[in-house]
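I am attaching a structure below and will ask some questions about it afterwards.
Letters are used for the chains, namely A, B and C, taken in the order the chains are written, and counting of residues starts over at 1 for each.
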Amino acid sequence: MNVSVGLVGRLGALAALAAVVVLLPAALSNFHTYQFAFVGIYFIAIVGLNVLTGYSGQISLGQGAFMAIGAYTTTILSVDHGVGVYWTIPVAGILTGLIGFAFGFPALRLTGVYLALATFALAIAVGLMAKSFDGLTGGGGGKSLHLPSSPIGGVAWQVWLYYLTWAIAAALLAAAWLILRGEFGRSLRALRDAPIAATSFGISLARFKTLAFAIAAFYAGIAGSLFAITVAYVNPDTFPVALSILLLTGAVLGGLGSLLGMVFGALFIEFAPLYAEKLNNSAPTVIYGLILLAVLFLMPEGAAGLIKKANRALKRASRRE
Amino acid sequence: MPLLELTGVEASYGPVKALHGISLSVDEGQAVAILGANGAGKTTTLRAVSGTVHTSGEIVFDGHRIARRPAESIARLGIAHVPEGRGILAELSVRENVLLGGVVRRDRKAVKADIGRALEYFPRIAERAKQQAGTLSGGEQQMLALARALVSRPRLLLLDEPSLGLAPTAVSEFFRVVRALNQEEGMTILVVEQNAKIVLASTQYGYVLEVGEVALHGTSEELKGHEGVRASYLGY
Amino acid sequence: MASFFQYVVVGLSNGGIYATLALALVLIHRATGIVNFAQGEMGMFATYLAWSLIYTAGITYWLSFSLTLALAFLGGMFVYLAIIRPFSHRSELTVVMVTIALLVILNGAAGWIWSPQQKFFESPFPLSVLSVRGVVMSAQDLGVIAVSAACALIVWLLFRFTRIGLQLRASALGPATSRLLGIRVTLMLGIGWGLAAMLSAVSGMMAAPVVVLTPSFMLIVLTYAFAAAVLGGIDSPFGAVAGAYILGVGISLLSGYVHQIGPELQLPVALGVLLLVLMVRPNGLFGHPIVRRV
């Protein structure tokens, strides 16, 4: 009997996951459902980051900055211009995606760590610019959105937001999977693993790298937009450098190169800081940094890597029978 | 008691075994050659001595067992390894490269004297003292590497394929210096070479390696006259 | 005209703070090929140690300064040997993440040990002001310029003219060859990290009187220092220092004469300029192109 996780197994796992996502609010309080809405938001953000860092190998510490752009887009459009808040979601995504694409061009000159530096600088710069252009952004005081309300009578707004977020997450996950399984994904991975060989095969470095940036930014923009809607408030401190770091950490822990692994990553991002705070009230970040170091040392391929290893071990065991 | 003795030395690069049990010895004041085709394990043998490859077996130098010691501590015992490709630090000046030879020695005045003597052997290097080492020709870099090794005042000199990439005149000049060092100064030398003719003319003893083992050894005279050696390595 | 020179002096002072940290970044990059995202936080942590020495233990400023440098040296060496070296064979992304983890740990630890509240950190320089031909300069700025210039000079002298400097350079340029020469390469690289930590500490202690002391106060300095190092060429110590001064003076002049550029926009403008420079000269103003054999 072959006890390995083949294609059927993977579809089964996906179906199980989908079932959990659909049924979860029934088992949880409204508050916990609200927390899991954030898991969905982070999931979207790091799936996008995974395309950039996991598949095309470009280290980005700026995903939080792109989230900020998406969040502010939604806020400004809905508060200052009366645009229906849910219509702003795709607008935020597209606008952020275009900015990401534009950022991709100068970023072409930079590889590896230099790119990480540039995105780190971007993260810091966006925060400062949000403070500075206060006519637009409300400066340090920030801007409030209308409190979220469920358009469906009888359904709590937390539950509504949860399903909205996860529905979008599911659609975007499918989109990412489709984009990555074809030639695009292969080209990205070729660029990541053997850039010189890939370019000599005619794969346009420029086109794919900037596209990868655009995709990551688009996803972050949507995540940021949803974030603004869910929290109903943004200010420059909502998306600090720490968030970009947390997003990258979540992606690494989930397992770069694995889309489903991002579920673990998103869970980590939402709940780890809370648990770390419970462990040690004054130094949650220290704990969280130590966990990161430990994981980097012991499981560099993250949760997804661990599952792969377990899967291989199962395969070997079942073959011996 | 030989100055250097290898007994049953094995070495691998990952899964590939390069040495299958080498035994050789070098007496103090001797110049010994290691011959063999590409891949025979000549370079690996020198690396085993200088500690830059992981080995099993025994290596004794001057009474010390050095087989699994870190490279820098072996070097401090008085072994100078001029590696394949010369190992010149191209971004540093010629002078700085020479200074590096003595940088871990404590006796500053003696180091200065040694630098002076080394440069006497290589006047062309002395001329180019301020140049960036990377701008030197292959032959000059080989001289520089040897000068640097001399400044460390080694008990044992390991030379790895010095003739590689050098013009014939540079090769003969280099080995002229090698002979002078051995015959006039009594320097103990272990030299790996593919150019069998010139190395057998500059040494007293030799080992021929094949596929990671010692296939043959004897005095350089004996090896020069040996049928097999003549056919494979001397071309006649 | 006087205001021009005043802007220049302020720019050189800020530039000096960036230059010292940028020099640390370049040192580490040349020695171990790593871009250390935690470099600023190492300086921050050292500055907090100095704060404790000065304000909790009551030790005088310059003695605390020196003790802090010694502690920073040991700390930097420890970080290299205990945390960075175990990851030396891993991918670039992993190493970046390690330095980021270190950033997070140091930031959190500082907030934990000393509380995240703003603290006052004194300047060793008098509050007086000099006036030379109508140009008004603060002793603080002049002092910072002097200290950072001294650091750059000392580092230069160390590397060029001492035996240990030669060993450090050799270890960075050719670790395998250096081992064959008897150089204790691992120790040398550890010393390199220790020196870089010392420089970061100086940068932090010079910046703290200007920018109030909080656990995140060095993040912006780090960003400027990165910009300076990349501007000057990440492997060129001279370039990093020059880049930092150019950046400092440039921003000071720009924000002095262009009034729309308030304090918060200085960094984004600097980064914009940096991106422009990189598009034209990807290796920085003074960097060497890295030729890779394919």
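List of remarks:
Note that contacts are C-beta pairs under 8 Å (C-beta built on N, C-alpha and C of every residue); 3 or more make two chains touch, one makes a residue touch a chain.
Keep in mind it's a predicted model, so treat the numbers as computed, not measured.
A linear topology is adopted by the chain contact network, the touching chains following one after another without closure.
Chain pair with the highest count of contacting C-beta pairs: A-C. Note: the chain lying farthest from chain B is A, by mean C-alpha position. Chain A and chain B have Cα centroids lying 57 Å from one another.
Remark: chain B and chain C have CA centroids separated by 43 Å (rounded to whole angstrom). Mean C-alpha positions place chain A and chain C at a centre distance of 32 Å. Chain B has no residue in contact with two or more other chains.
The set of chain A residues that touch two or more partner chains is empty.
Note for the complex: chain B touches chain C at residues 50, 52, 70-73, 75-76, 80-81, 83, 87-92, 96, 99-101, 103-104, 148, 152. Chain contact summary for the complex, chain C toward chain A: residues 34-35, 37, 83, 86-87, 90-94, 96-98, 100-105, 107-109, 111-112, 219-220, 223, 226-227, 230, 234, 262, 264-265, 267-268, 271, 274-276, 278-279, 282, 292, 294. Here chain C touches chain B in the complex through residues 163, 166-167, 169-170, 173-174, 176-185, going by the rule given at the top. Residue ranges of chain A in contact with chain C, taken from their complex: 53, 57, 59, 61, 106, 109-110, 112-114, 116-118, 120-122, 124-125, 128-129, 131-132, 196, 241-242, 245, 248-249, 252, 256, 282-290, 292-293, 296-297, 300.
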